[in-house]
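Two complexes are shown next, each including chain A; its partner changes from chain B in the first to chain C in the second.
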Partner chain A sequence: MSWRLQRFPSPKPSVALAVRAVAILLALVVGGLVVAVSGLNPFALGNQVMKSTFGSSFGLEDLGLLATPLILTGLAVMITRRIGLWNIGAEGQFYAGALAAAAIGLFVEGPAWLMLPAMFLAGVAGGMAWITIPTLARAFVGVNELITTLLLNFVATLLVYYFATGPWRDRGAGTLGSTPRIRYEMPELWGMVHWGFAIAVVLTVLAAAVLSFTRWGYEVRISGANPENALYAGIPVRRRIIAVMLLSGAVAGVAGMLEVAGTVHRLQGGISNNFGYLGIIVAVLARTSCLGVFAAAALMAFILNAGIILQTQGLTTSAIVALTGLVLLFTAIGDEFAHYRLVRADRATA
Partner chain B sequence: MPDPRLRPVNGGTAHSLVSLRGIAKHFPGVIANADVDLDIRAGEIHALLGENGAGKSTLMNILTGIYQADAGEIAIDGKPVRFGSPLDAIAAGIGMVHQHFKLVQAFTVAENIHLGWGETPRLASARQLEARTAAIAEKFNLAVRPDARIHALSAGEQQRVEILRVLARDARVLILDEPTAVLTPSEARELFKALDAFRKSGNAVIFISHKLHEVLEISDRVTVLRGGRKVATHETKDCDHRMLAGLMVGREIVLGNYRDRSAEPGNDARPTVLELRNVCADDQRGLPALRNIDLAIRAGEILGIAGVAGNGQRELSQVITGIRPLVSGEILVGGKAVSHQDAAAFAAFGIGHIPEDRLRSGLAPSLSIDDNVVIREYKTDAVSRGPFFDPRAANRLARTIAADAEVAIPDFGMPVRNLSGGNQQRLVARREIRIARKVLVAAYPSRGLDIGAINTMLRYFVELRNQGVAVVLISEDLEELLSLSDRIAVLYEGRIMSVFDAESADMETIGLLMGGQTAAAPATSGARS
Partner chain C sequence: MDIITGLLTTAVLAGGVLALAALGEVICQRVGVVNLGVEGLMALGAVTAIAVTISVPNPSVGFAAALLVGLCFGMVFAMATVLFRANQVLCGLALTLMGTGLAATVGRAFSGMPAKATFQPVIVPYLSDIPILGPAFFSQNILVYLTFIILPVAIHYLMFKTRHGLNMRAVGENPGAADAAGIPVLAMRFWYVSLGAALAAGAGAYLTLAFVPSWSDGIVAGRGWIAVALVIFARYRPMNVVMAALLFGLITALGYVGQARNWPVAPALLGMLPYLGTLCFIIVPVIVLRRMRQLPAAPAALGLPYFRDVR
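Up next, the complex of A and B:
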């Protein structure tokens, strides 16, 4: 009796989940090996990371603080996946949202209860504005959104550098390469964790509900899975693409606004901390599930936090960026393997 | 290099190149082939005839090593062989050109010819490959452009590349699966010429088709399969249309009584539900596909659309279901001109559409069965409350539709692509019949179904018609069209060649019209050209 591997059109959900766990484990093993090769004890370091993260409320607060933007950028990418597109530009939209929110925070005066919503709306508008060109190019001319959204990231990054180090720079005694402190701050929810965390959670649950339990969400699903099928049923695919992409940009923009108003309190170059790119990994790990976004964002936050802790041990942050890359790589490989199952070969096959 | 000893003696008598003995193949719950004997002689074109699901493809997949038979033997030149994989079959000189071409679109003709071939030089420039290709093309007298990329070629040219690829590997038996389905009549004539030359050099062709006139024209012998078994093998010169059709379906005239109806108003008395006036439309590439179509579709009739695939059927079905915009002309739905094409509005009016390619446009393959089956009714109270979509209600509706379609589904959450093609087709058909209160447009509805399912589906169409629904039936199968339709329109290169009452139609005339010839047609109700 012989067996052979056969590719099935769709993986079993349980297998797909197990594959993710194995991928994360493998990434940690490879990461640990690299640490060992560089002469450090991976188990001791791991122990220290676990203790500093989960041993104190400080560690958990850090985790919450890091998870907030990751949930939102992950959500931004996941939303476009639902309609079969990739928003690689959450990074740029994050910057654009942060820039717009900072502009309001720096140059408009008013009571905090009014200014924070105003900054929120500015963040939404900034993120949407930054994805507008890729959206229209995709919807009307069929230009690949992967490339347009990616390229605009660099524009946004440099634009924020320009404002933070140029016209808006802090002329007082202070910090180099950032704007003065913005007066309007997100109130704190728990320790250092601000209300932005709650906003991220609520937005994610809301988006998941809209996508699963509305007619609009159903139409988005069909449009994403097979645009020709959507046109056959009379679903306006182009309008759905525009709405979904703008929504995605808005969510990433909110992430940028929250980072300015909740965590950094200034606009500075590099403020995104790669959150936009890490959002891609979050979305890939989460597939299309809302709960998955929380879990994947928590994992990424843990890895980033571990990087901060390990810096004190002489490891560079790029080692941690490499770890996130390994997670993505192994997941992508695993996803392909999840399609295969062992089946009993036809007995006539020699 | 081929072994010269294996070359058949040219002009030899009944030399059996390939013989199949007692071939059987079972799939879970299905007998695909049982006890099939088949002899292919050198120097003949052997037609393999049968309905969808008759077992033609399975038999050929066994002969080409894709499947392994559960029982029976294959012999080449009298020597028993066993094919473990397609490579073994190719080495034995058996090559197949599939209905859906298996070419790499982005590669050139030369690259496709040399792909996966042991005789391809290990290091060769594009120019060398093209020179080799040109030499092979000349040897077999099949004109191709070696440096052209596949996506730039017409269907006929692509088919020539496929044939050349098989012949270059020294095939002595060439199997062609529905080769003319994608060809224009002139391309088909070219193909027949090439096949004739191949036969004259002592090789054999197995020609799979269900177009009777072609089989009668080109083949030397005909084998008919039905329900996985061989019914008969005859010399083609002893056959005619009626006899072959009877052998294929196992009845003298298929479904012949479907057209009978009790006292009802005649054609002209029935109201028109859908009307096309001087409609022109483009195809996907922006080339004219429909030219000045005038057509009235009446309540309570089955209007058959005959024609070789690719003559505007796809665009016609899209235009009358609101998917494809018009270039000029107008459409009247229920007597009112529609201002712009809106598929949802057409569906809401009561126009159902079984599309020709269910996986391409009828279904979203990666989504669940629930999501796919409710696509026509998700806006109704059955599934939605206001803007909200109720997945549980969707599941209830999906279960109803699956039960009506007699499809057993273990898990409604699994992707619809996990279902067999036949079950997908049944679900789509049932889904569309539910909303077809005025018109049902059915393009090649029997594709992928077995005979029993076809009969069930055709009976549904008749029921719909008797309830006053107009059914537009697009098919290549003239038997099906003639037995079912009240009127038949023939499409050729985007024009309606003629519209006539099915009672007064005969296959020969329709065949001529399908080929673009406007010979004396019994045009009884408004022939237009």
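Up next, the complex of A and C:
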């Protein structure tokens, strides 16, 4: 009786989950080794991170604050994955949503109960507008959305930078490179964590339900899995692509709006802590699971928060970006390995 | 007159960065692998060149060191995508994050410092006396001649005039058939992907040794992504890549000249030109070609891992 490795079309969910745990662990080990080589004690740093994150309610509140945009950008990327596309422009749509929301918040006056929904809608519109060109190019002429969505990130970053340091800059106080404070604020839910967190959770559950349990969601998934087949079955694939991509942009835009209205209260260059790019990792770690988005966003929030804590130790947030890249690399490799199973040679008649 | 010369000089200099990175990506994509890590590789190359020239003030040494670092990271990427057959998009994004993050971390010590050694212009006798074109094309540094003349000709010859090049393209078009014909598919992919990555890192070194002679965080600024777009625009041909790079360089140069001449447009808005231009160049040709029913032909097996054992 002999055994052999056989590749299966899809990995076992349990194996895929284990792969993620191993990938994250490996990335932390490699990161720790690099830290040790550069002369710092990784265990002491880890201890400090754990203490300041979980030792006080402040730490946990920070986690919730960082997780809010990450849930949404992760969701934005995950939605497009369902139809087999990549939206790696969540960063740009985040900026566009923040810009649109800030425009309403800065220049329109009204009661807060009216203005916050208005800013929310502006965020939706901003995010959607930002993904419109890649969407149309993808749906009508088949231009790969990877590069088009990504290129617009740089444009959005520059646009926000332009407004925050140019026409909308705060002329009063000495705050450089940001607009005046926006009066309309998301009310707080728990400590510093604002209601945006609840909105992010609700939107994620809603999107997951629609994608998993409705006919529309089914059609989206089929369009992603096999476009020709979907077309043959009478599914309007093009319309599904447009809807899904616009939805994805809208979700990322909401993340930007919540960051402006809930956390930063100003528009400033670099308002996104790479949330859009980290959203890709959140989506990859979560695979297609809605609960997975929460777990992955929490993890990324933890890592991001660790970077902020460790700034006092001379580490930079860019080191954290490198670490997340390592997580992504190991996950990608592990995902491929998860396709393999040991099977008995006499049963494998492939 | 000298505004045109200035524009062309900057265009050649700026286009060279893109050309070098895009040539690497052409090699990589022709054997069937999409490397989306160019941005990260360029950042690594840029910081390596600065760091090395601080202790050894010789630009060639800095450039070679960047190539070596690129080769090493390229081998990691190739191991993941070619040997382990992991998803190429994910590995590329991972490489971009790793590269930019690592480069920024390492580069903090050199931030804002001018490069200790740079490539000096080499003036080609007689040709540099040609009005307008001479100064722009024939009194540039050695890297410009390398990326605009030597490398593209060499790669074109290798890819389209030799048997080895035919094999190379076969690996990108139909790895199964190539394998059956006895071509070592995995070895071919592994080494050309690594080589392409080395060139991408070289483009980063070009950036800090010949174009903007200092390191600062975010110095690559999406040039890696523009290079990837350029490969598609150039339809995977090395000679086209050079022409396209010149065109893209011209757009970048327009932004610089605008800033230098105080055009009444904010610098941040002028800075958008390369990205918006690239966006146009990637979408418009597809629309036109669809009208003519002539879609650009990417290598048929582009982005697909090769499994000999799974059929």
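Assume the second predicted complex is superposed on the first by the 338 of 350 C-alpha atoms of A that agree within 3 Å, B and C clash if a C-alpha of one lies under 4 Å from a C-alpha of the other, contacts with A are read in each partner's own complex, and residues count from 1 in each chain.
Note that a contact is a pair of C-beta atoms (placed from the backbone, for glycine too) under 8 Å apart; a residue touches a chain by one contact, two chains touch by 3 or more.
For clarity, every value in this text was computed on a predicted model and none was experimentally measured.
Once the two complexes are overlaid through chain A, chain B and chain C clash, as defined at the top of the document. Of the two partner chains placed by superposition, A:54 touches none, neither chain B nor chain C. In the superposition on chain A, A:229 makes contact with chain B only, while chain C stays out of contact range. Judged by the number of chain A residues each one touches, C leads among chain B and chain C.
When the two complexes are overlaid on their common chain A, residue A:141 makes contact with chain C while staying clear of chain B.
By the touch criterion stated above, A:284 is placed in contact with chain C alone, chain B being left untouched. Contact with chain B, but none with chain C, is seen for A:10 once the two complexes are overlaid on the shared chain. Touch criterion met: A:336 reaches chain C, while chain B stays clear of it. Within the superposed arrangement, the part of chain C that overlaps chain B, taken from 170-178, 224-232, 242-250 or 278-286, is 170-178.
Within chain A, the residues touched by chain B in the first complex and by chain C in the second are 350.
Listed in rising order, the residues of chain C touching chain A in the complex are 36, 40, 80, 84-87, 89-91, 93-105, 108, 217, 221-222, 225-226, 228-229, 232, 266, 268-269, 271-272, 275-276, 278-279, 282-283, 286-287, 290, 305, 307, 309-310. Interface residues of chain A, counted against chain B in their complex, comprise 8-10, 212-218, 221-222, 225-226, 228-235, 346, 348-350. Of all residues in chain B, those touching chain A in their complex are 67-70, 82, 84, 321-323, 342-347, 353, 355, 360-367, 371, 375-376, 378-379, 384, 387-391, 414-415, 417-418. Taken together, the chain A residues at the contact with chain C in this complex read 7, 86, 88, 133, 137, 141-144, 146-148, 150-155, 158-159, 161-162, 165-166, 277, 280, 284, 315-316, 318-326, 328-329, 331-333, 335-337, 350.
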